[in-house]
């Protein structure tokens, strides 16, 4: 079995995008949804078979003679020629991380397709307005995301970075009549666009010195790729450090690293399944994926790597702090996502080059592992949140409380998700988080402690959310509303599947398959780290149980005690206000308006002044045309005399 | 100048031309102005005669003095009440006119005297064209034949007649 | 020598044309100028090329054209007079529009 | 005559025949007028496609001449003025672009009122000029067609425009005429120095071959020609005709003007100014690079605060056309290819924008975005079209804008010159600003609640409006999806000019 059919992975979603978008309106809503879901199921199947072939097959060239797992170039099609050397190709590159990402994306995308059949309908099962559009956009997003992970070169990655940005924009703004959704979609797009700008500049610098976009060419000999810019510095740093830092900023935008994280919480204005798919599991890890892709380069450029580390570690703590106080469950989950992605970033940054020391490349593996498990349990949490929101028609946890009795399946699924993210064995999160902590301690105990604290906070805020939704006090059913209940099978089935995966994913021998250098990495549990991290998580859970399991006034007491801190965290440390200030007050008012004014009054004014001068000059000359023959004759005669005189003078002299 | 008589005639004609032209443009009464014009034209005819262009002199007298001046007189009669003076000239305009006239005259005189040749050139003995020769030249199509301008002039005159009739016709 | 009266006559014509307000007087000045030019033609012919008749014919045609032109001009003047009841050029400036 | 066996001449003859056909129509016979116009436009499109096929065939057959399909007919021997025809890859794609936009423009002005016949007459006269400009390689002929394309603009805006149309028409015409005055000087200067041995010529190829323009003259003539064409290419600070002109012009005229006419500027800058005077180009490029760099950012920032749809688009045109000139001045093959792609892309998507704006304006009778909102619910087709145009403009991969901009940026960065690289990075920032203003408009105009109750009764696009916009949308998508097809046509056309420049400038020919 060869990889020729892998093109279908991109072709099917893209075709579905066009098909559902153009023909869907004519087809009826239910059918559109079903067709979209089935097509996604086919894609899922193909992705699984590709991954299976890649990891377990042996005859497709993916295992080199030395037993090293290497990448396979399934397709490479010249798309756009820049120069003889710089050619943008579109293709499919299969290697451990892209194969893993194929599984993640197709699984979650399929489950979200399925879940949306119920979620995007009203209580009587009638699909909402724009149902076809929704499925069409989902297909577009899936296409873009799959294209991103199989990118053969950095420019293809950039192209699909843009594409996922746009599809995310379209999906966040799905409810386009709501101002909040428009605003959020705009914000998401512009912030990620700003990051993409840096990405682009980074690509330009990198490709200028290395003369290639290809990952394979770059990875084949990262040292020589970097040494082509040897000695070139810009403002004191080597150009490669600049390039890689810029590329990291691009990834940071998509992955919502501080300070470019502000779009992600707002992006929760989109439909919840979309949040599960894009803003929890797939698109937001694109930045991590990007850094992982270029990992061999980053390892060589420790300056850039340190920036990644600092940003990642800071974001992890920062977002976790905010997540502790949010009242909107989706926002809280969003900050949790930011924190977890920062975890993966940090893991990448603390990783040393594979083969260096005992634990070389551990961070890389751990990061990818966490990416995988996190995608599963975060999608689970979001889909649960979706089910809850669908049931109570609100995002605020004050409208929920005590739902455990009404929605038992959802409640258990959510609990599994919480346990997984908190890192309690044997759930998936424990294993990946444990590897990350080990890698951090390897780097420096400082980072290990730091990340352990974040892990504790994670456990705390996740259980806070859980208790506030499902316990705390009895649920009050408002008059005229149905009592909340578990949803139909299309919505509960994805929850169950994801819950099962979250339970067992940790036992996948990840190190055997997904490593930085293709050689299996044998991990062993680092007991001190594992035990301490579980303890910290248990402390967090215990604290949350104490504060939020039953209704009591402890939280409000604490709130009034640390009022300043609480308010600041609740308002996300005023980052949004800062951005608002910069964009509106500075850029809009102090740059755009003056420029527009300058254009209309100075530049245009100059042109109008010229015109006015011409007009007044002609008015002045107009007086000469008096209509009096005699004055005309006089002018004529004087002119003639002058000419004659001049001629005479010339002739005589 | 071959003879004193000629010289005297020339002097009289020249003085008449100068004097009457000045009078023609300065007099207050328009009818007098026309009369002075008549005298100027007659004096011009004298000069033509003196240069042996008898035919031209005759035409000058017949067409100009006889035709055009009469036309002027009629026009004046039609448009002026008798005895009414022209209004005095505004002084700046007068000086403007004088200036322009003198400037023009000065330039021309400059040109004239710088060549100096014509100031006192001898009148060559004319070959004495007779009227027959003029007539045949006028209707000749050879070199120095003037049939084409002659015809053009006749068409022009015709056009003038028609134009004059159309313009002056009472609507 | 013959050109001197012609020159003065031309100057008078210019002066008259520019200063007079009566249209007929302007026409008279115009005739003066034409006449002086005629003299010039004839003189140049007589003194430079006595064997040919070019200048004379030019003067001849000029006289003819002057006659025609005067006739038309006077027709126009009379017409203007009929419409505007005046022959004063400084008051008839509407033709510029 | 021999010249009639050349396909190129028909690009002038067909519009002229259409003119004649239109002249035969009755004033009120709208059906006949439309038929003739559609026939003319379709014939042009077929011709253009045929030309592309012929071009590919010739190139495929190994004809590597700089210009192919050349023909020449002397029409004024004393000055050696010829009707010299010839195309290279750049002109071929520009002709293709023009044909598409003329086609879409005819449908966009389907319901032209009043005086439809006269409108189409001027419209086709304008297209005659545009096509004539692109097919000719003789400076005089080029200039003549250039003027032919400019003059109808005045009447088209002055008669069929809206708003402050007299002012705009006057301003546009005068500024462009001012530009062509410079151009005239430049062309005459080039002509009088076109040859060292006294055989003066107007033929671009021959002038380039002779390479006889003295360096001090080049320094004088280059700014003349570049500014002359730059005015039409909306180069800062000579761009102010563009917002007013576009705002007042009728839909099809805006389309043709922004879509094609502004490209004449970029094309001329490359074909005349840089190609013929490489020395001065290399010496003076920094001035114009700075100006065009300002254009890019400045236009984008200006567009952010406008409230009139057409003004927004006009300023975005300033930004995008600035990018064209910017890339041309980068003096390498890739950036220049990017410039042509950008011309194509900008031409199509601006035409699309103006068509949609015209259609929206025709319904709502306002172009102020503050008075509109939620139009997506009322006219979904136009809304989707607007979003697609917007996404193309802000550079979504798969649509044309991305391809063009990326080629420009990557190409520009491939310069050894630090000044150019820094400018490139500054220019790159426009992609963010573009996103800001595009999304602002899309958000205010299409999304949200319906602002004006009267708008609820409005209808979506008619069949001809759909045809017009779909043509453009499909073209935008085709360029975006299969850019290499166009790159292959365009790329090699820049070899001569880059070679000429490489004598004076460390060009990276890669």
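First chain written, first letter: the chains are A, B, C and D, and each begins at residue 1.
In this section, a contact is a pair of C-beta atoms (placed from the backbone, for glycine too) under 8 Å apart; a residue touches a chain by one contact, two chains touch by 3 or more.
Model, not experiment: these values are computed from the prediction.
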item	value
Steps in the shortest chain-to-chain touch route ending at subunit C and beginning at subunit B	1
Innermost chain, taking as reference the mean of every protein Cα atom displayed	D
Comparison of A-B and A-D (more C-beta pairs in contact)	A-D
Mean-CA-position distance for subunit D and subunit A (Å)	37
Whole-Å separation of chain centres (CA-atom averages), subunit A against subunit B	101
CA centroid of subunit B to CA centroid of subunit D, Å	66
Euclidean distance of C-alpha centroids - subunit A vs subunit C, Å	94
Multi-chain contact residues (two or more partners), subunit A	634, 637
Shared-contact residues (touching 2 or more other chains) in subunit B	96, 100, 104, 108
Subunit C: positions in contact with at least two other chains	14, 18-19
Overall pattern in which the protein chains touch one another (line/ring/star/complete/other)	other
All pairs of touching chains, each written as two labels joined by a dash	A-B, A-C, A-D, B-C
Residue ranges of subunit C in contact with subunit B within the complex	1-16, 18-22, 24-25, 27-29, 31-32, 35, 38-39, 42-43, 46-47, 50-54, 56-57, 59-61, 63-72, 74-79, 81-82, 87
Contacting residues of subunit A [partner subunit B, same complex]	634, 637-638, 640-641, 644-645, 648, 652
Residue numbers on subunit B that touch subunit A, as the complex places them	96, 100, 103-104, 107-108, 110-111, 114
Subunit D residues touching subunit A - in the complex, by the definition given at the top	170-171, 174-175, 236-237, 239-241, 298, 301-302, 304-306, 333-334, 374, 376-377, 391, 394-398, 402-403, 406-407, 409-411, 413-414, 424-425, 428-429, 431-432, 435-436, 439-440, 443, 446-449, 483-484, 487-488, 491, 510
Complex contacts: residues of subunit A adjacent to subunit C	625-630, 633-634, 637
